[in-house]
Amino acid sequence: MDFSYSPKVEQLRERTQAFFDRHIAPNEARVEEAIAENRRLGKPWTPVALFEELKAEARAQDLWNLFLPRSERAPQGLSNLEYAPLCEIMGRCEWAPEIFNCSAPDTGNMEVLERYGSEAQKDEWLEPLLAGTIRSAFLMTEPAVASSDATNIECSIRRDGDDYVINGRKWFSSGAGDPRCRIYIVMGKTDPEQAKHRQQSMILVPADTPGIEVLRPVTVFGYDDAPHGHMDIRLTDVRVPASNLLLGEGRGFEIAQGRLGPGRIHHCMRTIGLAERALELLCQRVSSRVAFGRRLSEYSIWHERIAEARCMIDQARLLTLKAADAMDKVGNKAARTEIAMIKVVAPNMACQIIDWAIQAHGGAGVSSDFPLAHAYAGARSLRLADGPDEVHRSTIARLELARHASVADAAH
Amino acid sequence: MDFSYSPKVEQLRERTQAFFDRHIAPNEARVEEAIAENRRLGKPWTPVALFEELKAEARAQDLWNLFLPRSERAPQGLSNLEYAPLCEIMGRCEWAPEIFNCSAPDTGNMEVLERYGSEAQKDEWLEPLLAGTIRSAFLMTEPAVASSDATNIECSIRRDGDDYVINGRKWFSSGAGDPRCRIYIVMGKTDPEQAKHRQQSMILVPADTPGIEVLRPVTVFGYDDAPHGHMDIRLTDVRVPASNLLLGEGRGFEIAQGRLGPGRIHHCMRTIGLAERALELLCQRVSSRVAFGRRLSEYSIWHERIAEARCMIDQARLLTLKAADAMDKVGNKAARTEIAMIKVVAPNMACQIIDWAIQAHGGAGVSSDFPLAHAYAGARSLRLADGPDEVHRSTIARLELARHASVADAAH
Amino acid sequence: MDFSYSPKVEQLRERTQAFFDRHIAPNEARVEEAIAENRRLGKPWTPVALFEELKAEARAQDLWNLFLPRSERAPQGLSNLEYAPLCEIMGRCEWAPEIFNCSAPDTGNMEVLERYGSEAQKDEWLEPLLAGTIRSAFLMTEPAVASSDATNIECSIRRDGDDYVINGRKWFSSGAGDPRCRIYIVMGKTDPEQAKHRQQSMILVPADTPGIEVLRPVTVFGYDDAPHGHMDIRLTDVRVPASNLLLGEGRGFEIAQGRLGPGRIHHCMRTIGLAERALELLCQRVSSRVAFGRRLSEYSIWHERIAEARCMIDQARLLTLKAADAMDKVGNKAARTEIAMIKVVAPNMACQIIDWAIQAHGGAGVSSDFPLAHAYAGARSLRLADGPDEVHRSTIARLELARHASVADAAH
Amino acid sequence: MDFSYSPKVEQLRERTQAFFDRHIAPNEARVEEAIAENRRLGKPWTPVALFEELKAEARAQDLWNLFLPRSERAPQGLSNLEYAPLCEIMGRCEWAPEIFNCSAPDTGNMEVLERYGSEAQKDEWLEPLLAGTIRSAFLMTEPAVASSDATNIECSIRRDGDDYVINGRKWFSSGAGDPRCRIYIVMGKTDPEQAKHRQQSMILVPADTPGIEVLRPVTVFGYDDAPHGHMDIRLTDVRVPASNLLLGEGRGFEIAQGRLGPGRIHHCMRTIGLAERALELLCQRVSSRVAFGRRLSEYSIWHERIAEARCMIDQARLLTLKAADAMDKVGNKAARTEIAMIKVVAPNMACQIIDWAIQAHGGAGVSSDFPLAHAYAGARSLRLADGPDEVHRSTIARLELARHASVADAAH
């Protein structure tokens, strides 16, 4: 047992942090202004030009595709435990991960292609994604049903000759607002008559296939998150070649499970980075404002909150790193309790700390002058995205109850 | 002691509820669409045409200016305890209060004019406000200082001959986005050399006075709340006649105190109406969605939250009504503990319940398909507007400690 | 609607408070010492002699049996709303209610006899209870089953000729430790074949009936609460005349429901009195202790807690008084939501406030030098006694869900 | 970074757990009965005979003095990180640590003697403590002042010729009830004129020195914790040789700081063990009880709590192990944030989880039939012992604020 980062990780952290300090932090206002300008010009769904510049720089510095586990196409790949602390650094700024080609949902989609795609699928879609020249979306959640129970999914993927024909409605399809988004991975049912977890399949659908309508961006609190966006999409008789199916009919649930593990580590570590930033802003604010004759930082109510925040962040980080370590050592499935735990812990922790930071900022906290209200919207959504807290807590509890079941039976 | 509404109030509640059910609720989608359409047309700061129609109807039904306490110009005025339950009904929909000419900040501004204005000021500004033909704003909070401590205020109101000249920066000036907004009440310092609570004054400033720049709408969790808006305003050498001063130099703090009491009852009761609606949506959602083989409404975790919500709402309502009763009986000053208490209790209660409702709705909860995320943004802001929780809790605590001080001294 | 106590209640409050200040508060240390002395002498289960003196005084002052609703034998009876505030005063000291002959479980048992007893039963047991010459116990909860679900009860009451024969195990039989306790009301099953809520009956069992074994006092967080006590009792072939049955076979559940309402008002108001005392002690402590150069009362963390405590107490009191008002106006059954709500709200509120008071006292808070740890034990038990929080929350939630059911159905 | 225990630790854990399962768990009822029997015989302050047997066995198995860091007299000593997980196992049962000669306050006292004692002091007191033939107490906290601020301490240690004369009042002197307790370490002021942190000294006082009065056991909630006990002690002109002073005059604060670090790791890990046991009992209970037609374990409210408990325990453990690692690597002083953090986190976590477990057990939870109420009393006291939460949170916050101070200054 050892709580220090390895020298390799320390060095990667330094390089990532240096990049962040030099290229991300100083450009935050500029990016915000670019998006605002696009919005004023009536074209909010335009990529920010600066991003391509910064991406080239990250690639040049070999800070590119860091998320990718070791594989044939990524021999330098990092373990989850090695990558996680880098994710935390990137998480401090909403658009930073894209600069390192490490942003959701592309990372998860690239992993799916890497693990489950055919060589042809990899050549066509994985390569440009790895190169950062296109982007992708993941069409899973549906407005009409409780999607946390994947067996509820209604989107239909029907075989028709050499094609599959897709009909359904999907929303919260993040990234589908970006004009560079060229490929969707769609989850749907190929055979509702199969056993519960064998009904679903995943299929690759190019974004320009006829029958796809991007209806609107779904807002999160009042944010449309342009130019990324969380889109509401209708698929009507969308036809793609049968070879677009991933892995095989009825294996969608299996792919979904495989996709989840690393993605949760990434999300949680980014969320921890966000929480660190909120705490930093909180500390700076209470140190600089005076009310009723004292700096806010001298009021013990702020000591309570700062201390709780520090305890919560450090604990959430340790739990997430432990989950990453478990995934590396025993695999996604054996580490599913740990993965469910961090999915609950990290977003709840972040919501609370960001909320305290908002409170410290007064009206400014809910405004756009600080990144806090937006950060809150993001963290709050994470308590719902990819299954609400309640589903994950139930998973954790069932595993815990099972551990004690034999003892309880004996005690009867 | 009696916990039933009087027959007069019951009858007013029925009439207000009937109006709400007939004219407000069925028009919510239409209003939302009108605002969206204005936004698409590049003119988001346009009043919704339907409002004038509905206002005429409310006036015809004598459901107009209900907030106004009994006075010469409002002989039919209601007590705080009588008006409060009507406020709760209006609070269920964000724009409903305006239809009854009962929306903030106009109500508070009208009260200020009624209580502290000269007859000339009343004729010029109170009458059209009572008639609902113009709107107003209240310029108090400043971005540069902790405005919860009113002595921090920096805006200067300097006497110059027969005029006052105003320089300062104000934000969260709600309603100043509306083109019908014609008059501002501005809080500033006439004499920084006076005793702490005698430095401030309030002055009437017509919205079209030269030197006023409406810089931007301040967003609240991404919402600009058009066409109402919370504006960021710069005042540069804004000159108004000396007769525009309210009550007298150095009496701004006194006016602010007088303005607060009823406004807090209104805000809190509206917030309670909002919380009721969130609980209603929550109950409907969990009754209609199925996950893992059961309706959500059968999961005991939702029973816990629904029950807590019911307990919290009913307690907050009782406390607010008791505060209203106290204000009616002993006045704002003697009821200041009660008023501070509801200011803390109601928005915190609403935030929690709306958050649970969001959780019950999954992704839909943070979207614009339900009014929940917007309601959360509003309720969360109320924990900061007009003083953050911490300031009010400190007020309550000091009064409580004082009650026990003599006992403690005796025990030494 | 009116939040002031009536003149009659105000006058009763004054008299009760005066009695408390003169006869209860100054004797607290003396009573504690008397119990400690009895314990040292090996006879902890001896009534405190002083009590009889004080009871005579309370009776002389006509502050006796105040709990009793208006009836033939109590023409001066108070309504629930009138009695509730007196209960709060008594609740400040654990043994005070007995002095006014208003202590549980005697009050509930007297109500049962008054409402459901035969004239013969009233003559034999109600009269001496009203006179305060004997005490009683209520044998309901069983160690072997989740007694919150009354249908789980296993104690058997079997008809045998002119007798009933009782077999079972009961615990938390409060007051059965007192040698003056002469009569038990026992809940059990007369016919397990009946419909769920018609299986139970209640029967009067004199404490000296053969077959009764008082096994031990059950402790509550280490307290045995001598000389009152919460006893663990085994009943083996306990035989009583059939005429001892209350109301009739299969009506035990009905009696239990009738017994609960007023008892909950009493418990909750006493709990509110306890919470007020804890807050008072907290305020005195933080006003008198210095750490790191300041009085604790100057630290804002204590302002937060004091303010929250004041808000919580006042809200819980209003809710309880409203429940009392509802019981008076529409009866126990129609007021069951309100009654379930206060059962959850009051003990949870008290636990939190007492816990803060403990924290303010440091080590002294958990010791016997202050009544706080004991108060906590009592308040914590109330979250379980007479049904755990979860059961009451479920009741509240089901009623709330039912209110919205039709709307939800329509929305499908 | 590595989250697995080392093979050495795994093997020690197995051996400790095996001892626990074989010698501790099966004897719990027997020990409880022995204490109850002693109490019935009027001699509650008698050591439990069985302990000596078990201690011999632990010593034979080389599971003895495991807490002791590597040193001359303990060449086999474990690091904090190695010992911590063993502490967790021992913490499941209140009296288990003593069996391994690893119980507080002896461990802290032995560390003090080891680090700061003279050779003569070690020979006389450390050796028999290491052998487990005598026990000790630590006299620090005083009833009259807020002892969390060590500068408040009033006990006087006055030089008089070749002696020191001690006068003061101490309480919560744990273990001083045990007749085997032979030596006290007393904290007091040798020179109130010195700088704040140079006024205090520590001195060895044999328990049989004239002038010592053990006034009473202080109860914690209702528990006297016989035969260990938390004693209230008066020292009147207690005279000991000057050579009994530890380290030197004015170095008491320094010793106190040195003593705290490892003790907090131990306390926290034991508390984690306690919390694990509470969760285990909770799971067993909800799996075995039925209410309203379902096992409690099927109600989602219990899933929520079980999952939260698992998350809280695992996080607290990681944080404590990280603190132990930090202490081993950089020393007590550099690790003071981590040490303050676990002092807040672990007892709060345990209080919450034990409280849930109590709730799951109904009335049985607050009784002595389960170890939960007693465990709660212990965990709740830990939020006060050795400084209340507020003091530690303030420490954490000040360090956090300092980290951001320069940034805040720059931002002005």
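Going by the order they are written in, the chains are A, B, C and D; count residues from 1 in each one.
Everything below uses one rule, namely that contacts are C-beta pairs under 8 Å (C-beta built on N, C-alpha and C of every residue); 3 or more make two chains touch, one makes a residue touch a chain.
Because the structure is predicted, anything quoted here is derived from the model rather than measured.
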item: Selected interface, B-C versus C-D, where C-beta contact pairs are more numerous; value: B-C
item: Centroid spacing, where centroids are CA-atom means, of chain B and chain D in whole angstrom; value: 52
item: Averaged-CA centre spacing for the pair chain D and chain C, given as whole angstrom; value: 37
item: Rounded Å distance between chain B and chain C, as computed from the means of their C-alpha atoms; value: 42
item: For chain C, residues that touch 2 or more chains besides their own; value: 299-304, 390
item: Graph class of chain-chain contacts, one of line, ring, star, complete, other; value: complete
item: Residue ranges of chain A in contact with chain D within the complex; value: 1-6, 9, 81, 279-280, 283-284, 286-288, 297, 300, 302-304, 306-308, 310-311, 314-316, 318-319, 321-322, 325-326, 329, 337, 340-341, 344-345, 390, 392-398, 400-401, 403-405, 407-408, 411-412
item: Interface residues, chain A side, partner chain C - complex; value: 299-304
item: Sites on chain B touched by chain A in the complex; value: 141, 143, 145-149, 152, 171-172, 218-224, 289-292, 296, 299, 301, 358-359, 362-369, 373-374, 376-377, 380-381, 383-385, 388-391
